[in-house]
Amino acid sequence: MIVPIDFVLLFFLLVTAIAAITLKDLFAAIVLLGAYSFIMANMWLQLGASDVAFTEAAVGAGTSTALMVAALSRLSRKARWEK
Amino acid sequence: MNPESTGYKRDVIIQTTAKLMVPFILVFGLYVMMGSEGTGGGFQGGCILAAAYILYVTAFGTEKGRVMMPESWNTFFTSLGLYLYDGAGLVAIILSLAAAQFLNYSAIWPLANILGIAEARGYMVAFVVDVGIGITVMAAFVSQFFDLAWKEKEEEKGE
Amino acid sequence: MIEIESIRPVLALLCPLTAAFLILASRNHPNIRESWTMIASVMQFLVVLSMLLIVKDLEGGVITYSIFNMLPGVDLAFKVDAFGLLFAITSASLWILVSSYSIGYMRSLHEHAQTRYYFCFAFAILGAEGVAMSANLLTMFIFYEILTVATYPLVAHDQTEEALFAGRKYLAYLLTSGVFFLAASLITYSLVGTTDFRNGGILTIDAASRSALMVLFVLFLLGFMKSAWMPFHSWLPTAMAAPTPVSALLHAVAVVKAGVFGIVRIVCYIYGVDLMSQLGLGILLASIASFTMITASLFAIAQDNLKRRLAYSTISQLSYILFGVALLKPMGVTGAMLHIPFHGFMKITLFLCAGSIMVASGKKNISELAGIGRIMPFTMFAFTVGAIGMAGAPPACGFVSKWFLCMGTLEAENLALLAVILISSLLDVVYFFPIIYIAFFGKPKEAELTNGGKREIKEASPFMVIPLTITAIFSMVFCVPNPISNVIITLAKLAVSGLGGV
Amino acid sequence: MLEWFVQEVFEKYNFWTAIFIILIGIYATIAKGNLLKKLIGLSIFQTGIFLFYISLGDIGSLANWGLRTATPPILWEEGVELGYVYANPLPHVLMLTGIVVSAATTGVALALVVRMYQEYGTIEEDEIMRKEMELDQR
Amino acid sequence: MLLVEQFPVLIVTTGVFAGYTILIAGLVNRKSCAYIFLSVVFSHLIMSLFILHHVLTVGTIHYWLGGWRPPWGIEYVVDALNAYILVIVLFLSLMAGLYAKRYEEHKLEERKHVTYFTLFQLLVAGLCGVVVTGDVFNMYVLSEIVALTAYALIASPGGRTLKASYNYLVMGSVGICFYLLGIGFLYSVTGTLNMADMRILLPPLYQNRLVFVAYALILVGFSIKMALIPLHTWLPDAHAFAPSEISAMLSGIIIEVYTYAFIRISFSVFTVDFLRLLPIFDIISWIAAIAIIYGSVLAIAQINLKRMLAYSSVSQMGYIMLGVGLSISTRSALWGGLTPALMHILNHALMKGCLFLVAGAFIYKFNAWNITDLRGLGRKMPWTCGAFVLAAISMIGVPPSVGFVTKVYLIFAFVEAGNFIFMAILLLSALLNLVYFWRVIEILYMRPGGEEGHSEHHAEHAAPGKSEEIPLFMLIPVVTLASLCMIMGIVWLTEIPIVGAIPILDNVNKLFGLGAYTP
C-alpha cells in the first residue's frame, strides 16, 4: 500500500531478474531466481493478492528452487563464457 | 550439495535444524492444506509437505527418507489424491443419476445426511478435494525430486 | 432424346476391377492369373457390344447411370452415347487382343513382376473405359487420374534407370496436367453450375467474359496433356521405355486417346461448336494441331529406334483428331471421331509388329531390319497394312477418316488446312516406307540374321502373331463397306448429328 | 509532456515493470545458449505475465496513484468496512493455476536437461548441436 | 439433463481418472496398461459419436461445471465443430494406441511402459479437454496438460529426441504464454473469460487497440503451437525422432487441435465482423501459401523419411490455414467458409497418421530411418507398403482419395475468393508432393532390394510365411487408416447422410455466420 516500497520491490525485481540471467555460476543464478520469486511474492502481497503471494513463495521460491538445485547437483555448475 | 555423490557426510548443524523444523513445517503444511474452516489450499499445502520431506531427505539421506515414506508409495499417493478429487466430482454425477453436473456438490448432500454430518456437508467436500490435491502434489513433487537428484545414480551403482 | 437407365456401364467397369483383384489373389498361379485377364476382357467386350447395339438403334439416345451425388448438380454418373462408345469399343476390343499378346510377350521374355503388370493393366483399362463412359467432367477426371496412376508401374516396369526416369517424367507431366484439368472443371462448375456433357455445350457466351472463356479453354488444353500436343509431347517418346504391349495399348490407344477424347468432349460437349467459333478458338486449336502434325512427322523421320518413330507418328496422328474437331464442321468432326478407332487399330498393329520383331530377333532399330520381311512374313505384312493406313491410302481404314477430314477442310473453305493434311500425309509416307523397303528388299548382313549367332530368327509365337494379324485384317475391313464398318460410321454420324450447331 | 508521463508511465509502473520482466525473460529464453539459463528465462517470462495479471486485479493502482485502496479479498467475520475496495480475486485464482503450470513445466524441463546432460555430457546448446551433427554424419 | 450431455465432461474426467488408474494397475501388472488405455479410449470414442449425433440432431450442448452459470463458472460447450474434432481426436488416438502396444514393447524398456501409457492417456484427456471447453482460461490449462505430456512422450525414447523435446518445450511454453497474455488483455477489457460472454461484450470494443493486440498475441501464440511458418522450427526434429505413434499424434492431432483452438477463438470469441476490420486473414492466407511451398521444398531435401513427413506436415498445415484464411472472403453456399479447412483437418489426420505409422513400421522391422534404406521393401511388407502407397497418393491428391477432395474444395474456395495465384501455388505444391512421395514409392517398389538383386521371381513366388510383415496389432491401424483415406474420400464426395459429413460442415458454417448450404 506504500508506493516507495513498490518501487523498491520492483527495482529489486529487475535487478535480480537481470542478474539471474547474466551470472555464469548456475547455482548463483538459481538462488537469485529464488530470490526473484520471493520478491515477486512480496510484490503480489503489496497488490492485495495474498493467496498468490503465498503460493509463489511456496512453489516458486521454495519447491522449484529445490528442484533446480537438485537437478544442478547432476550437472556441471558453470555456464560457459559466451563468445 | 549431493550427499550421495560426495559420500554422504553427517552435518550436525543441518541435521539439528532439520529435526527441529520438519515437524513444524509438516503441521503448517497440513494446516494450509485443510484450512481452518474446511477450505484450504491443497496445492500450497502439498508443496509445503513435499518441501518438508525434501528437507528431511537432504539432511538425513535417502535411506532414512525411505523409512519415513518409501518411494513406491509415491505412485500410489499420486493416484489416491487424484481419485479423491476427481472422484468427488464424479460422485456428484453418479449420486444424482446424471441429473447434476460434474462437481455440483449439492448433489452430494444426501450422502452427507446419511453419514450424519449434515451440518458440515459443504466443508466436507472441499476438505476431500483439497486433501486429494495436496496428496497428489506432494507425491508428484517428491518423486520429481528423486528423479532429478538421486534415482538413476543409485540404479547405476546397483547395476 | 431417349435416355435409358441401365447398369451396363457399371458392369463394364466392374469387369477389369474384379479382374484386378482376382489377379492379385491368384498371383502364385500364372495360368489362372492370365486366364482372369482374358475372361475379363471378353466379358467387358460383350457388355460394351451390347450397349453398342442398343445405342445404335436409339437414334441419338443414350444410356445413363448415376451412382451417387458428388456436388449439387454433379453426380458420379455414366453416360454412354455414340461418341463414347466409339472409344469404349476400341479399347475394349483391343484389350482382348493385347491381353493375348501380353501373355506371349511377357512369357517369352521371362519378365519379372508379372502380377503387378497384369494388375495395373486391368486398372488402366478401367480408367480408359471410365473416361469413355463418364457423363461429366468430374467423373471423367476421376478415371483420368486412375488411368495416369495405374500406367506408371507399367511405364517403369523395366526398373532400369531409363525406365524409372521415363516413369517420373510421365507422372510429372500427366499429374500436373491433372491439376489443370481439375481446376478448369471446377471453374466451369462455378460458372454454370454443372459439368455434364451436353450436345451443343453447356457454356454460353454470357457465362463469363470472352477472355475468361478463352483462358479456361487453354486451361482445359493444358489439362489434356495426355493428347501429347506439342510442345507438351515429350513424355510420350520417353514412355516408350515400357514393354511393347503397354506402348501398344496404352500409348497408342488408351492413354493418349483419353486425352484426345477429352478435348473432343470439351470442344463439342462443353463449349459447343457455336461458342467455339464465336470465340475463334477453332483457329487456335487448328493451329496447334497443324503445328504438331507437321513437326512430329519431321521428328519421326529423324528417329532410328522403331518404337520412338512410332511414338512420334502417334503424336502426329493424334493431332489429326484435334485438327478434325477444330474445323467445327460435320465432316471434320466425323473424320476426327472415326480416326479414334481407326488409328487405334492401325497403330496397335504397328506396335505389336515392333514388339514381335523385338521378341523374335531382339532388334530395336530400323537400320537393323534389313531383310526381316522375308523371315517374318506375317508380321511385316501386317506392318505394311498399318503403314499404308497411316499414310491414308486404301485399302487400310486410315483412308476413310482422312477422306472425311479433307472433306471437312473443304467444308470449312480453308485450303491452307487442306494443304496441311496433304503435306502431313506425305511426310507419313516419307517415314514409313523406308521401313517397309528395308524390311523386304534390304540385304541383310550375315550376323544380323542369326541374332548374334545364337539362334535362328523365326516368326514370333502364335500368341503374338495372331493378334497382330487380326488387327491388320480389321484395319482393312473398316475400309470397305460392310456391316462392321457400317456400325462404326453410323455411330460417328449419330454423334455428329446430335451436336447441333455443326 | 509531464502529464503524459504521469498518466502513461508513472501510474502504470506495475505494467511497465511487467513488460520489462517479460522482455528480459524472452531475451534469455531465446538468446542464452545454456539450457538451464533458458529455463530460468522461461520462469522469469511466466512470472512477468503473472505480475501483469495480478496488476489487472488491483483496481486501486489504476484509479489514483499514490494511495492504494484495494484490499486483499478476504472475508472478515464482521463484514467489510465502508470505503474498502477488494482487489479482483479472479485474476488471482487464475494465476494460482498459472503458477502450478509453470512449476510443472519447470519440472519436465529439468528432467529433460538432466537426461540431456547424461546423453551429451554438456548443457550448452551449440555443443549439443555439434554432437548431433557428428551423429548425422555417421 | 440427458446422459449424453454428461459425456463431454465425462470424457475428460474419466480420461484423467483412467490415466492414474493405469499408474496403479502398472504396479500390479504391466501388461494391463495398454488394454486399459485402449478400452477407455474406445469407450470415449463411442461417447464422442453419441455426442456428435446429439449435437447434430438436438443442438449444442452447454455444460456448466459444478452447476455454476457462466460467466461465473466454467462452461463446456459442444457444438458441431467440437464434436467433429473430438471424434477425430479419439479415433486417431485409438489407432495410435493400438499401434503403440506392440511398438513400445519392442522399443521401450519395460519399466517405462506404465508411465508411457499414463502419459498417453493424460494426453488424450487433455486434447479432449481443449476441444470441449468453452472457457478461454480453461483452454490454457488444458493445453498445458497436452503440452507437458507431449514433451514427456516425445522424449521417451531418449537420445536425440531430448533436444527436440526441449526445443518444443521452450517454444511451446513461449507460445502458450503469448496466448495467456492475449487472454489477459481480453479479460482486462471485458472482465470475463467465457467465450460466449466475450463474444457478446466485445463488439463495442472492436476499435480498441487492446483488442487488436490481444488478437495478435493469440495468433502468434497459436502459430507457434500449430507450427505455422516461420514459427515451425520445433516441429521437424520433434516429429522425426519421437516414437512413431507420437509423431502421428503430433502431426495428425496435436497441431490440428491448436488449429481448432485458433478457429474457435477467431470465430467464437471474435466474429467475422472483427476479422474483416483488418486484413488479418489475408496475411494468414499468404503465410499459409508460403508454408505450403516452403514445407514441400524442404521435404524434398530430406533423406530421413520421418523428417520428410514432418516437413510435409508444415506444408499440409499451410493447406488448412489457407482454408481458414480464405474462409471470410468466400461468400457462398457449400464450399464457402471453413469447409476446406475442416475437411482437411480430418483428411490430414488420416493421411499423415497412416504415413507416420508406416514409417514407424520400417523402423520397427528393419531399423530403416532413411529413404534409401527402403529398397525393395514393397515385396517384403506388402500390406504396410500398400498402405503407404494409398496414403501417399492421397497426399498427392489422386481421386477418389481424401486429398483429392481437399483439392476440389480448396479450388472452389480460390474461385470463390477470386484468387488465382493460390491456384498456381496449389498446382506447384501438388507437383512437389508428387516429387517427394513418389521418390519413396519408387524406392519401395521399383528398386530391387540390396541383397536379393534381380531375383524377384523368388519373391513373387515365395511362400506366404516368408513375408516380414509387422505384427497384427500394428498392421490393423495402418491398414484401417489407409483404407479410410479412400473411403472417407468417397464419403465426402457422396455426402452420405448417415455419416453426417456435410451437415457438420454446414452446421459449423452456419454457426459462425459464414454462409450455409441449401440443397
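List of remarks:
Chains: A, B, C, D and E, in written order; residue numbering restarts at 1 for each.
One rule holds in what follows: a contact is a pair of C-beta atoms (placed from the backbone, for glycine too) under 8 Å apart; a residue touches a chain by one contact, two chains touch by 3 or more.
What you see is a predicted model, and the numbers here were worked out from it, not measured in a lab.
The minimum number of touch steps separating chain C from chain D is 2. Touching chain A and chain B at once are the following chains: D. Compare each chain's C-alpha centroid with the centroid of every protein C-alpha atom shown, and the nearest one belongs to E. In this assembly, the chain whose C-alpha centre lies farthest from chain A is C. The pair of chains sharing the greatest count of C-beta contacts is A-D.
Of all chains, the one whose CA centroid is most distant from that of chain B is C.
Put simply, the C-alpha centre of chain A and that of chain E have 38 angstrom between them.
Note on chain placement: the centre of chain A and the centre of chain D lie 11 Å apart, centres being C-alpha means. Chain A and chain C have centres, each the mean of its CA atoms, that are 78 Å apart.
Centre-to-centre separation of chain C and chain E, using mean CA positions: 43 Å. Residue positions 91, 96, 100, 107, 110-111, 113-114, 118 of chain D are each in touch with at least two other chains.
Multi-chain contact residues, meaning those touching two or more other chains, occur in chain B at positions 43, 141, 144, 148. Pairwise chain contacts in this structure: A-B, A-D, B-D, B-E, C-E, D-E. Note for the complex: chain B touches chain A at residues 1-2, 5, 32, 41, 43-44, 47-48, 50-51, 54, 141, 144-145, 148-149, 153. Chain D contributes residues 13-14, 17, 20-21, 24-25, 27-28, 32-34, 36-37, 39-41, 43-44, 47, 50-51, 54-55, 57-58, 61, 65-68, 70-74, 86-87, 91-92, 95-96, 99-100, 102-103, 106-107, 110-111, 113-114, 117-118, 122-124 to its touches with chain A in the complex. For chain C in complex with chain E, the residues that touch the partner chain are 27-28, 68-72, 76, 112-116, 141-142, 145-146, 148-149, 153, 156, 159, 164, 167-168, 171-172, 175-176, 179-180, 182-183, 186-187, 190.
Of all residues in chain D, only 22, 26, 29, 35, 38, 42, 45-46, 49, 52-53, 56, 90-91, 94, 97-98, 101, 104-105, 108-109, 111-113, 115-116, 119, 128, 132, 135 touch chain E in the complex they form. Residues 43, 141, 144, 147-148, 152 of chain B are the ones touching chain D in the complex.
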